[in-house]
Amino acid sequence: MKVTVWNENRHEKKNPIVSEIYPKGIHGQIAYFLEEAGLDTKTATLDEPEHGLTDEVLNETEVLIWWGHLAHDEVTEEVAEKVKQRVLDGMGLIVLHSGHFSKVFKKLMGTGCDLKWREADDKERIWVADPTHPITEGIGEYIDLEKEEMYGEHFDIPAPDELIFISWFEGGEVFRSGATFKRGRGKIFYFRPGHETYPTYHNKEIQKVITNGVKWAANTNTPNPVRGNHQPLEKITEK
Amino acid sequence: MKVTVWNENRHEKKNPIVSEIYPKGIHGQIAYFLEEAGLDTKTATLDEPEHGLTDEVLNETEVLIWWGHLAHDEVTEEVAEKVKQRVLDGMGLIVLHSGHFSKVFKKLMGTGCDLKWREADDKERIWVADPTHPITEGIGEYIDLEKEEMYGEHFDIPAPDELIFISWFEGGEVFRSGATFKRGRGKIFYFRPGHETYPTYHNKEIQKVITNGVKWAANTNTPNPVRGNHQPLEKITEK
Amino acid sequence: MKVTVWNENRHEKKNPIVSEIYPKGIHGQIAYFLEEAGLDTKTATLDEPEHGLTDEVLNETEVLIWWGHLAHDEVTEEVAEKVKQRVLDGMGLIVLHSGHFSKVFKKLMGTGCDLKWREADDKERIWVADPTHPITEGIGEYIDLEKEEMYGEHFDIPAPDELIFISWFEGGEVFRSGATFKRGRGKIFYFRPGHETYPTYHNKEIQKVITNGVKWAANTNTPNPVRGNHQPLEKITEK
Amino acid sequence: MKVTVWNENRHEKKNPIVSEIYPKGIHGQIAYFLEEAGLDTKTATLDEPEHGLTDEVLNETEVLIWWGHLAHDEVTEEVAEKVKQRVLDGMGLIVLHSGHFSKVFKKLMGTGCDLKWREADDKERIWVADPTHPITEGIGEYIDLEKEEMYGEHFDIPAPDELIFISWFEGGEVFRSGATFKRGRGKIFYFRPGHETYPTYHNKEIQKVITNGVKWAANTNTPNPVRGNHQPLEKITEK
């Protein structure tokens, strides 16, 4: 399975705390553990030509992971539309953390995708809400993160097709932190954790969830419907 | 309750078959039966300034009905965005028939919204799939339409929050012809029937469904969430 | 609208703390605020003949509220089946708090309906997860309860048709505390709060949610499908 | 993966048309194509001791397939309850055709599960409604069955978690003929086709869907939640 990890890669250049946690960038760290799990993984970043998401890259990508925050507006309309279209055509998409506000996610959701947030070292506890889902394979009843950014309800998304995780935050909020959506022929998994100043993507359970998400999101040769003018399959009586 | 019926009003000007069926326009006919049902109804059309959807009109509209077909591209991006935003802010939206391909619906769905179609005088039978829903109030088990345009699956929409009607077509297709979606603080009802060359909006049962849909879609003083930076409601321990 | 509030009414007889908070019983208090809201309300309790739920009572009840805890097993199989059948036939049902383990709710859900719990004076904060829903009318973004019994995930229910509220608990858990389900022709609202030793049903916001729930759950003359052997509506070709 | 195909195996003994189509029984035919697809498959039938579903068999079964019709009432309450419990504990379940009225399915759904039906050689066309789902892998846009029993709406089930197929019938009806449900830790797939007097389970596409369904329904080491009295994970303040 071919995976592309996209990252805006800006915090890493500006903030030494981030580059210390992620010396190869957030994308490098995610690619690292996906490779370890046996997935064929490449990376792409904002400042590459076409943000690293050329037609060639997109066409061979089976699942795309998206991390962005500071520079959502710098992603060109053209690339955002192309990524959206590839999802509708069957590419899986994993949107992480602040990617909730990316052009791609907002276009696919149709809503504002806003939420409450706070950077205050909240403890986060991510509870499993759907113990049948392959995304929860190998996970316990919850995942504890000692410090994370808080995201709180109301999260302005459509009701998810499946609600996988609900987060508890020390400061008193809750959040639907793992949710799946189907759009067109593509599958989308939003997963909340991963603020840049915490070592969240070094956490083995978080890695397991993302790896499970990639496997779940890949398309498996499902039908590709034809649309438009359609000849009748049965005789239509004259009226 | 204040309702605005929007119609592109072009078929009525070009095609005498349509203007004979709907001498006051499709919008005029829909407004007529909604008024009969006791709803405070206005109309707006594409060729009016701002397509008749000024800020003032949109702000006082509780439920908007949308019929468009030939001229989706002539709806300005600005008006389409404003209507979308008003839905997210709580205005109800009823999208009829070929409105599936309107800018407003596509923006709110995030998908292509395409489908199979055929103009061949198919008989359509609209079956109730959810006999708990207020949109089906006063309706029987199905509604028969002697002649209609066919719309067939796969309809490229997100899985609806509620599937209300499924259509059977004489030529061999099926269609999810009544579906609800919640987006932001707004409620959306897509209802399939209403090709311009058939007298569908003169049908009493179709009128009843649309009237029910308007009543269901109106917002009832539900919470208006605040988003953004959020102070903790509980003490956060130092770490 | 005719409402019946059912309560097992045992804690009130055994525990002076409960009878002090609810001198007319939990059922009496719920009936009181529903009457204040203009609803025609009666009560029924476990120790009455047929648990107060005779055919006559059930047939004229449009929405039934259920509170039980200690004596789920004393509800006869016959009455539980009759209540279930009435829900499938169109009666609305509001299941409160420990009613999650009632025979009626378990039969309608098809799952174990178990959960985590703790009686330790947790603070509960009930967040609105669906700001479009009429059940949230007139409520703010959350409801705070200073002390309540904790219920925690995983709550063993089917994925709700609509997730209305998510609770945060001081001790570190979350819970899907407001959820709707449609079964047959009936609508069901499960609402978590209401441990007997706390004055939860004196809280005005909790009262508002329950009142909203009753109004939402009432059937509105929707279709009553016929099932069984069915004559063809179209000609079937010989093969 | 270990699969058990359960069949009441009565039509095969009574009706030479059926035994000619399925000389090894419906169970034998289903087991045959699952074995061909590489799945480790056994069979069990009504007239075996404990209906062939001993604790040993159930405990090692990862996915159970259910076909029954004439003799739903002869399935003991004890076995039906055990099968239900195994599903809640994580065993996958595929319910075929007239299995909609089995004790096991009705217990898991909580509804009446009734529908319209007709034995009149209707043509059936099964349309794909969810082209993202692994159950549709390798299938086209629809499956045609020249002759089948008709099942029509309203099908009295809870709204499915996922609607995979919708059937068109020549006599004028539609049916939600492929639907998934999650209950407890188990996954359920209902698939409509398979009347005993037609060679439906010899159809390669039908075989493919059932095989896909078995693979989808198997549990993949997801969490097994603990419920009951729960110690706080965070300090609760005294009040």
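Order of writing sets the labels: A, B, C and D. Residues in every chain begin at 1.
We take it that a residue touches a chain if its C-beta (ideal position, glycine included) is under 8 Å from a C-beta of that chain, and two chains touch if they have at least 3 such contacts.
Since the structure is predicted, the reported quantities are computational estimates derived from the model, not experimental observations.
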*Comparing A-D against C-D, which pair counts more contacting C-beta pairs?*
C-D
*Measuring between mean CA coordinates, which chain is farthest from chain D?*
B
*Could you grab the centroid distance between chain A and chain C? Build each centroid from C-alpha atoms only and quote it in angstrom.*
36
*Rounded Å distance between chain A and chain D, as computed from the means of their C-alpha atoms*: 33
_Residue numbers of chain A (touch at least two other chains)_ = 125, 128, 130-131, 141, 152-154, 159, 161-162, 170, 172-173, 182, 184, 223, 225-226, 233-234
_chain D residues touching chain A - in the complex, by the definition given at the top_ = 90, 123, 125, 128, 130-134, 136-141, 161-162, 170, 182, 184-187, 219-226, 233-234
_List the residues on chain C that touch chain A in their complex, please._
125, 127-131, 141, 152-154, 159, 162-163, 166-169, 172-174, 176
*asked:* Applying the document's contact rule, which stretches of chain A touch chain B when the two form their complex?
replied: 84, 88, 107-112, 114-118, 120-123, 146-147, 150, 152-154, 156, 158-159, 161, 170-173, 181-184, 223, 225-234, 236-239
